[in-house]
Structure formats: C-alpha cells, structure tokens
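As structure tokens, here come the structures.
Two complexes follow with chain A in common, the first pairing it with chain B and the second with chain C.
Entry: the complex of A and B
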C-alpha cells in the first residue's frame, strides 16, 4: 500500500503533467491532420518552428504575439479567480486599442510621459468596460457571460464601424486615404528593438540599465521582507528572461540590424504583468480576498469580505489587462487602429488562461508556446505544405479539448502506478 | 410603403432569428439537464459545414441535412462522454470546441473544396417554400394560438397556479377567435404572407420547436426527469432516475439542434458554406438562452426581442429616405443598437437570471 506522501507528490506532479501531456497530444493531433492531407507532418512542423525562429522578423512576430496573448490570457485568468468567466476580453481589447489610438494622435507629450499616460488610460477604459459587466453582475444579477458578449458586440460596432470609419478616421483627421485612424505620434510608439524610431541603442541601453537596477532593488527588498521566499524565483525568472531577451536583441541588432521588425518593449510589460498579477493574487490581502470570493462566495461573505466590491474590482483589473493588450497592438505593432482590425486575441486569451490552468505563470508559458505556433503557422502556408494558418486554431482547440478531458489523462497517467499497487 | 417596410422587416427577422432560436433551444435542453453547453458557436459551424459536404456529395439537400445532424449527434456523444462520464469541465470543453471548429472547418474547407473562402453551391433549401395566402392565414391563426398559450401559461406560472387543462381551454377560448379575427385583417394577412412566402423549412421548424420543447419539459414525465436531474441530481438518482441516460440524451439533442441551426444558415439561407459562419450567432444564441432564463418560451421571447431590436436598425435606415434626420445616425450605432438594448433590458426589468441549480456541476454516483 501507498504512503500518503507519495500520493500527494504524484498528484502535484499530475497537475503539472496534465497541461504538458495535453499540449503534446494537441501537437500529435495536428500531425495526424497534416499526414491525412498527404503531407509530411515532421517537415511541416519543421517549417513551422523554423518559420517561428528562422529570421529576425519572424522572431519579432512571435515576441509581439506572445506579449499580447499574455495580457489577454492574464485578463481571463484573473477574472476566473473571482469566479467570473470573462468572454469579453475581445471587447476590452478593442476599447483599450481605440483609447491608445486616440491619445496617441490627438495628445502631444514627450515620450517619457506619453507612453505611461496611454498605458494607464487604456487600462482604465478597458477596465471600466469590463467593470460594467461586474457591476451588472453584483447589482442586477446579470450573468457575466451574456453581458460581456453584448459588450463585445457594442465595442466592435461602436469602434470599428463608427469611430474608426467616422470621427476618428484618418480621412476626417488628416485627409489622407489610409484606412483606420491616423498614425500616432513618435512619442507614443513603443520602443522597437530594431528600426524606427531611430536612436535605438541609447534607448535600449537606458532601458536595460533601468530594468536591471529595478529588478535588483526589488530582489533586495523582497529578500528582506517576510514575503521573500516564494516570490524570489519569479523575480529571478523575470530578471533572467529580461536579461536574456535584451542581450539576444543586442546581439541580433549587431549581427543583422534588419529594419522593420516590429518586436518592442511590450514583451517586458507582459512579463512585468505576470509578476504583478502573481504578487497581487497570492501575496496581498486583496488577492486573498479575491480568491476567497471565487472559491466560496458564502464563506467569503461570512468572513466579512465585500463581495460586490471585490467582484467589480476584479473585473476592472481583468478588463484593464485586456485594454493594455489593445494598447500594445496600437502603440507597438500597428501604430494606428487599423482599418481591418486583427481581432481574435481576446478569444485566444480564453484558451491561454485555460491551458495555463488560470495561473499567471502558466498563462505566460502557454502564450509563449502559442506565440511560437501562431508566428510559425504563417510559414506553413508556403509550398510545399500550403496549410492554412488557422491550423494554429486546430492545435489550440485540441489542446483545450484535452485540458477539458483532464480526468481521462489523469486516469491514464495513474494506470502504471495502479498496476504497481502504489495508489488506489 | 409602411406595409412593404414591415414585410421586409418581418422577413429579415425570421431569417435572422431562425438559427439563433434553434441553437438557443439546443442550449436550453442541455442546461436544463445540468450540462452547460458553451459550444453552440462551434457546433453551428460544424453542422453547417457538414450539411454542405453531404449535399455536395449526395446531390440532395435532405441527405446533406442528415449528415449535418449525424455529425451533431456524434459531437454530442463525444461531449457527453467527456463532460458527463468523465466529469470534464463543461466550460473548458465548450471553448475547446469553438476554437477547434474555427480552425478545423477552415482545414476541411481547404481539403474538400480547395478554398478558404466559401464552398461551391450545393443543392439546398434556400429557394424556400412557396405558400398560398390561405396558408398564411392558417399560419397566423396557429401563431396567435401558440402565443396566447405562451402568455396564458406564463401568467399562470407567475401566480404559481399552473393547470395544463385550464391553460388549454383558456387558449382555445381566447386564442382561436382572436387568431381567426386577426387573420382576416387584410394588411396583417398580407404582411404575414409576404414575410413567410419563400422562407425555408427551418423557419417553420424554429417556430414550432419552442412550443414542443415547452411541452416536453413541463408537461411530460421525461421533462420532469430532465428538470429534476438539472436541479437536484442526487435526489433524482435516489428516485431511480438514470442521470447518465438523461444527460447523454439531452447533450446529444443539444448538439443536434446546434447542427440544425448551422444547416439553417448554410443550406437554408444560402446554398453554400462561408468560412466566417456562423459569425457569432452561437454566442448570441447563448445570450438569448440566458436572457430567456433557460426556458424554451423565454428563449423565444428573447430571440423575438433581439431580432426586433436588430431590424429596428434596418427600419430606421429604410425610413431615412422619408425622414432625412434619421440618416445622420451613424451606421455603427444602428448596428450596436440591439446589443445595447439587450444590455439595458437585462439591467432594467429582466432581473436575476437563475440557472438550473446543478447546471455545470458534473455528477458522480455515490458522491456525498
């Protein structure tokens, strides 16, 4: 018979194994489909991964997608902690994006103020958009799924078929023939690692110094405070990733120096957001109350937690995260609210949160993986494979499908132990 | 002039509402048995696609529909296996199907038809059913009687005094003469004739279905069992009801309805599958179901409200030639109008939405 300790640790391991096995199974489903189409699955996957990492431009696209997916994923995961299902990430994303496009063109400030202002504003507008759903939930009992779906459509129509084609369009603002809103000011553009705006090296150097100094100071402070141990490794993760990212970028720029790659400092914001949401959720009283509310509302109410206020606050933060995702798209990638909006990031965020088991770190890792898959899927469209890029959706869908079937995977993973008689 | 606009409005209401209503009722049947179905969007997409594939290869729209329904049943079986037998997370499963259908149908569209735009034309129901004015009159009577029944049973339920026999008698006494009287008012008759002429069979299916489901859920032994399983599976189990059988049946039926809703778009309104189908209609169906408080007639009312708000935008556009003031309203506002109205209605007078008590909670036999 088993010892309780073994069972506990194996079940902990299973929690980690289930998403990993799901991802592997999802990739295998993708391979089978490619094979059924009469093409070489290994070659196609090779094309996908070399597509993702093959050139500086492609890596750049992967970095962009990862950053945006992380934000929308965190948005869904965060709302889930209070027990709300945020289908509205897409709408909050659009609201954040149009806020950024508006402030980027119509407000003129130096860069050091402009970008923070836009980020805070996008956070607030996206957050307020989501807070409507939170408010309706706690005061009027309106189910958040229906209200966020409605808010999505309202955002789509008001922004895309009114603001962007009407009062905020480039045509009416500057008289140009471009679709979408006018190009934002240079000061509102997120610093790209390569290419425009110029004088990159100085900015990156400055950024690196600030980033490292801030991380070290944070690490030092955390080490002395009571909340040290558990957060240490997250901080080091952020630092490690940041340093690695920066140094690789320095090398790439020195080696290739190709202009036009769109990767930007948004990825650092994404990593910072992961750390902040983690600390907020697991190391603060507010986070504890949010999780308590999501875990058992009645118990939380009995413990004196203000459920209504916590629910609205959670939706606000969740919406804010999606809003910043929209801001990253406008200030980092597109430089305007484009005429044909690259939607879907909000809905993909749902999958990221689910694959990441609603944990901030997991969501980030899922976003990295699907940033790579989505970035690489465009390369599979070329001959000889000619597989449409929505192939990434198939992989994403099957992975979530396997996550939903986690009990089956759990059962299968337990089988070898069962045979040994180590668990019952 | 007004008559023409109203006819056109009613026509597009029926077209717009049909897939939403059928899919929404699919959600109703599943969730009343305690299984959340978030996969309506994906199911519609798959059902719509496979109906086209079936019609393409057999050359027969009915066989196409049969293939779509068959696919829906298979998907429902899989969904029930994962979420009922293996107690998988129902919300996660629904999201998965939606994402999977998005990429999967694009892949299959490319495999079967070598395109990522839309499939070739296939035999379909899109030419619609030609009706006679007399048929329109009969239809009008039928609709008025059904609606009277809905109102009567709703007001009885409100007073917590529901009596099936009394409801039927009241309906016959009030609804029948009322329907016959209305059906002889010439403009009303003409509008109904104009709006229903050349509509597809799916429209008729969608109009009968809520009443059938209402009858099934609230007037039959099986309906009682379904609701018992959805509200308190433990008690139902104790009484010897096989929870798994009920939930399997309801989930499969739900996916079949989803597939039919998809077919009503691909081989109903059109004669091909467009790659952006169903363009969010599945989510609106979900919203309509919640709006309708998880009840068949409530969902019908929600879809009616929703389509009314939807055509209100078209109406305003139609009237803007006569009243130039209306032309200054931006198109985006008109498009967003139904959704804003729904949100306001939800916030204002619809009130708390209470799902079946065990909705979304997997049942494990012998669990304490």
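Entry: the complex of A and C
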C-alpha cells in the first residue's frame, strides 16, 4: 500500500513544480529573445540581478513593487476562490488610489489615524466598485469578466479623465492642471523606514514591526514549552519589548537614511494581508463557505449557504484588496494621484494569481519574484544592454502562457514515472 | 459448443490494485453471459481488456478459437465486438441516423454522404431487433432509454456479433429496462452474443443464461441461471451471507412531524411538476415515494428541502409553518437530506472528508465559534464518524473525489444522520451502489426509523421501497395517485399506479 501514497505525494509535488518549471521556462524564453537581439543573455540577466539588489535604493524599489503586486494578486486569487475571474483589479486599484489621494489632501488628521482611515476607505471604495460586478452576477446573471472589464473603463474615464483633470486637480504654478491631484498631507504618507531625511514616524513604525515580530517568534518558540497560555504571552511581549528597546538605540542613532530609498511599511501590510486572507479562507466559516460556493454551487446551496451573499462579499473583499493596492501607490510613492497614472498593477495582479496558483502564499512568492524582475529590468535599459524595460512583461507573459499550458508541463513531468511503469 | 470468446489467465495490475487476477472465462455463442461483482471487483477492467482499451499484463484472449491481441477498439470492432459504455458516446446535435453512421458514412460515388441509405439502414436495424426509433430525431431530444438504443444500433451497424453492455440498466427507468430486455432477447435470437455487466442480481437472474461472479479481481465461479439463486450469487459476490430480505422491527408510530398540504411547484423549465400534493409523516415510520422517473418526485423533494420554492400550499414541520423557508432554517428545523445526486449535490469533491462531513453543520457549534472554525473538533468528529460508518480509507484528509461511490454515500449518510434530524429525506439513496453498500444504507435508514425519526424515502427501485417502507405512496404526473400499507400491496399493483393505469378515488396519504 505504500505505492499509492508515494504517487499522491508526487502529484502534490507537481502542483508546486508546475509554476516553478513555468517560471524557469519563461526566463529561458527571455534569454533566447535577448540572444536573438544579439546581446549576451547572461550579462543582461546579471544586470537585471544587480539592478534589483545592487543597492539599498534598488532593493527598496523591489519592495515597493512587491507590496503592490501582492495586493492586486491577492485580489484576483481571492475572487477566484468563489469561482469568479476578477479582471477588474485595475479599476478597483484606480478607485482605491483616488480615494487615498482625496482623503490624503482634503482630510487632516494625525498620522496614527490618517493612514488607517485612508486604508479602510480605499478598501471600502475599491470593494464597492467590485461588488457592483458581484451584484450584477447574482441578480442579473451578468458574467463577471464582462462587467469588471467595463467597470475598468468606467474607472479610468471617471477618475483619470474627469476627477484628476477636473474637480480634484491641483492647479500648478503655470496655471495648467495636468499635474494630477495635490500632494497629500505628510500624515497620510506611509512611513519610509530607511529613507532620508530620517523619518521619525518611519522609525517608530519600524520599531513597532520589530516588536511584533520578536513577540510572535518568541511566542511560537515558547509554545512548545509547557507554559500556561497567559504566561507565555506575557513573557513573549516582554521579550519583544526588549528586542525593540535594544534596536531603538541603533535606530534612533541612525541619522543618515539612504536618500531616495522609498521602501515603506506597505510591504508589512502586504505580508499581513497574505496571512489574513489565508486565515479567512482556510480557518473561518466564511472562507469555508466561499470555497464551497466556488467549487460547487449546487452543493453549497444544499448545505444552506447563501451563495448570492457570499459571492457579493467575496467580490467586495477582492475589490478592497485592490483598493488598498491603489492606496499604497498613492500614500507610499506617488504622494498624489499623478496626471500620468502608472497603471497596470491591476492587470499584473491577474498574472500573480495565476502564477501563484491562486493561493495567498503562492501569490506572494510570485509577487516577490516579479517585483525583482520588474525592479531589475529598469537597469537593463542602461548600456551596454539597452533592453527596453517592458522586457519584464515578456517574461511575465511567457510564464503565464506556460502556466496556462500546465497540462503539457504536467505530462512532461510525469514521463519519468511513466517510463518506470508506475503510472497507468 | 465452440466458445466465441475465451479468456485464459488474464491479469491486469494497476498501481494500487490487482484489478484482474488470472481470469479464465469462456463465453458461448448465442448466450446472454452476465458478469456480476461489487464496485471495484474488476468487471469494467476486464471488459476494457476485451474491447482493447487496456492491454493485459499476462494472459491470452481467443476469439472464435484464434488467439488475438486486441490493441485498440478499432481492432475489437473488426473482430465483431461492440461495446455500449455506461456513459453514452453520442453527438447530441446530430440525428439518430447521423450518429449511427458517424465515421463510416455511406457515400454516393465515394464523395457525397448518402443520408437516405443511412436512414434506411437504421430503420432496418431497428425493426429487425425490435427497437423502434425515428432515425431523424436529434439525439439530444431522446430520453436515456432511446439513446441507449442508438448506441446498440451503432454497434450492430459496425458488424458487432458480440455486444458488451456495461451496466446498461443503471440509467434506465423500470419500463425502459423491460424494453432493453426485449431487445437483448431479440439479439440472441439473431445469433448474437451479449455480455451483460451488472451488480443488480434480480436483473441478472431475469435475463442471463450463465453468470460469472467476480470478487477482488478473481472469478469466484460461473453458474447456470437455472441452478442458482440471488442469495447464492450475493454470497459469492460479497463473500459472506447477505440479508436480502430485511427483517424489520415492529413499528412504533409516534406523533406527526411533517405535514404537506396541497403543495404545488414548477420544475426548472417552469412547467407544473408538483400538482397539489398532500401527505403526512409520523415519527417511527418510513414513507416511500414510488414512481417512474420524471413524475415530480425530484421537484417535490427539492421543495421540501428548501432547494426550490413552492408555488402554493403548505409545509408544516412539527406543526410549524415552514413554507418557503430557506435550506438553512429547514435544516435547523430538523430536515436532513440525502440528495439523489451525491456528486453534484451531496459532496464538494475537492474538499477533504473532514470538510465534507460537516457540510451544512459547518457554521454551528461545536464546529464553529463565531466565524472561527474549530478544526480540532471537526477532525475529531470526522475520525469518529469514519469509524462508526466504516468509511474507507480511514483517512479524513482524503478528498471526496477519490472515494468510491459507496464510501461517498457513507460520508453523506454519516453527516445527515449525525445532524440529529427529525425528518430524514432520502432520495434514491442506493443509486449506483453495490450490494454491500446498499445493505448498509438500508440498515441505517431502518435504524433511524427505530430511533423514532421520520423517514421519507424516494426510490425508483420498487423492491427497495416495498421492503423498507411502512407506507408507500405512488406519484404519477405530479400527483399522488395511491397510498398503501406496504404489507397490503405488491409490485404488480404499484406498477399499475406508477404507469397511470389506475388511481385511487380518494388518496389518504
């Protein structure tokens, strides 16, 4: 009876291998294209690697991209769990971004309140935008692919062509209004923990993160000892505070941040979002019902699950995640809704979800990888390679194609077993 | 007599199971040869080997005395072997004649398809074998029984002398089954040989000349119809004595739990399907719903379980009006439901056993506190129920998809019984199950009755209904046309009502 068990684990391994092999194949396709253009693919990839990790600033850009991709990727992956294909992440992203730009400039609050307010508001507006598609689906049977694509265009024209150039536009010194919305308040900007000039709020944020991380690690370790729950938590928090206290000496001594390093606490939000979506999907009744609905609507109805309500709720949460992505862009790097919007993150989210096989953790790993590739591709533009930065899109596109043809990859990976005659 | 097919030492090993273990069989010309066995006994594998879909690891196949290697269905067809699969392989948008000639279309001058000839030949075949069918109807508009005829004609048209029918009655109504048996008799009269695969012993006894029993990939014996009995076959199949006649404890009738008054409902296409049904159900009784498929039983059950809305009428559970209530509130009121389609409705196939076994109870304590799932509690419960209901394999992390039909049904029954129902509504609970699993389901339903629960049992198998139910009501054309004490009636009488030949003046259900 050991044979079937072995096969089972191999098929589980395959689920993991398919995206990895697809990514490798995508990278190989990229190399072939570079070679065809008469350039050295290894050198170009080296440039991409150093472009991603060459300096703190470069790493910082990778972190920013990863955070935003994670949110839009989670958005698509989450909607998929209820069986919907959320093509509308881009529109929800734009709606979340304009919400952040509006509240960042026109509402004045201390930072500790301002950022949570904006985040909740962007989540809600992005979520409502997506919920329209969910509502149309369950009441009118409108296919979500159609409705979300249309909502994307409505968002683009509503926000970029009207709000940003009209009612919400900043009037620049020359009197023209092509600059986007006004710069947001300092209190609305996400804390940059390694930036220059040293950002006091950023340092406090970083300390808070160190405190929490140390406490959780301590708790996890102590969990194996026979301590009572409450005692465990108290000791963990004390350890966390100690670690944070020691770090604070170094952090507040640190006067020379790195100029231009824009990495901000958005990445921690993204990691938290991965954990929260995972818990929501796999440890709560809501997530169970969402997955049940996604797999088999008839059986979900039979179990007494309100599938209409679950569908709309799922779309709301999915849209909310994209909305927060827009908020990260506005409050983290752009500091306003710019006149020329650096869009595309919503569409990239579809790729992240596909490559991550619609799992929260997989989506995060895909986002890290493409954060690196996208961050590094900028450096490949420089001589001697002079490869256009849209090269990253080529790699991403070919990986998605390989994922889409995963049955072929699966078949190829099964061949060694077939030869041994273990699989019928 | 010279055998048409002879198998010698056929062995087929799959990764986890030895599907066929040195099988020796010889099948004679002009006989109806039945192969019976529980699910997983190796019947279908063996047939697929004969039809060339699988290659045996060892063993020999002789056809009309000559040793053959059958490398694929194409070769099987040239040897005069035809197979009708459980799931039909027809093109729904093509007509009967077009389906029959598909791939070997008769042509005029080698170019233009000759539909007239195709039509004529199909008509000839259907007449010769007593299978009336209109060659110009599109297959998608045909009932299942007719589609099966198209499959049989298709095989004959390709020159089949030996016809393999893989569980042909699984999808048929009792009336269609009678039609199939007539066809089989006609085929044998025309010098054909029929291999009939089934796990329904009464059918085998009704149609087969000789019967081979398979268990665990081995032939347990080949018996002559005249020299055997259902009980003997069952013993050979299962390996122990099987209680075919269920001994029921005396009934302890309790108070009224479910009352239905003048209920009307439409089907999914918006046509009237339930036309004014009234009945009542009391604790400690099993009320059977008999009827030919498509007479409103499915719609009635959908309405009673909250899956569909009633047009008018009333449903009272424990004297409380629950008309139009949601599935959730009906479940809370104590309605449990074993659905007729376990794959489409009863289970979420990509979910683990542990996740499936709390479906419908998943949001209630102790399986959830607020919105947080209590996984330890769910797993403990799943392990306990796996043990109690003998679900195999004993592993709660296995996906429902990879369970056998019987074990899938056990998961559903474990769940529905444990939801502590007042009323158990069971729709065709043994459909597609083998003898062992069927016996198990029957025992569980009787246990529920003896515990003082009310059971509403809908089935297409008259024998099942008669042996389990205390009362039987017959549905015909969306109405209840008769209600009987099961002790006071028999299959013959019920059949008259099921076919609409008779109805009671005043039905007291």
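The rule is simple: the second predicted complex is superposed on the first by the 357 of 424 C-alpha atoms of A that agree within 3 Å, B and C clash if a C-alpha of one lies under 4 Å from a C-alpha of the other, contacts with A are read in each partner's own complex, and residues count from 1 in each chain.
By our rule, a residue touches a chain if its C-beta (ideal position, glycine included) is under 8 Å from a C-beta of that chain, and two chains touch if they have at least 3 such contacts.
Please read all numbers here as calculations on a predicted model, not as lab measurements.
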For this session: Counting touched residues of chain A, say whether chain B or chain C comes out ahead.
Result: B
Exercise. Of the partners chain B and chain C, which touch A:408 in the superposed model: first, second, both, neither?
Worked result: first
Exercise. When the two structures are overlaid on chain A, which partner does A:108 contact: first (chain B), second (chain C), both, or neither?
Worked result: neither
For this session: Could you look at A:283 and tell me whether it touches chain B, chain C, both or neither (first, second, both, neither)?
Result: second
For this session: State whether A:302 touches chain B only (first), chain C only (second), both chains, or neither.
Result: second
Problem set entry | Partner chain(s) touched by A:162 [first = chain B, second = chain C, both, neither] | first
Exercise. What is the contact status of A:33 with respect to chain B (first) and chain C (second): first, second, both, or neither?
Worked result: first
For this session: Within their complex, state which residues of chain B touch chain A.
Result: 82-83, 86-93, 95-104, 106-107, 110-111, 116, 280, 283-284, 286-287, 290-291, 330-333, 335-336, 339-340, 342-343, 346-347, 350-353, 355
Exercise. Can you name the residues of chain C that touch chain A in the complex?
Worked result: 14-16, 305-307, 326-328, 330-331, 337, 339, 344-351, 355, 359-360, 362-363, 368, 371-373, 375
For this session: Can you check the complex and tell me which residues of chain A touch chain C?
Result: 1, 3-4, 7, 283-286, 288-289, 291-292, 295-296, 298-306, 422-424
Exercise. Of all residues in chain A, which touch chain B in the complex?
Worked result: 33, 37, 85, 87, 136, 140-143, 145-147, 149-151, 153-154, 156-163, 165-166, 347, 350-351, 354, 387-388, 390-398, 400-401, 403-408, 411
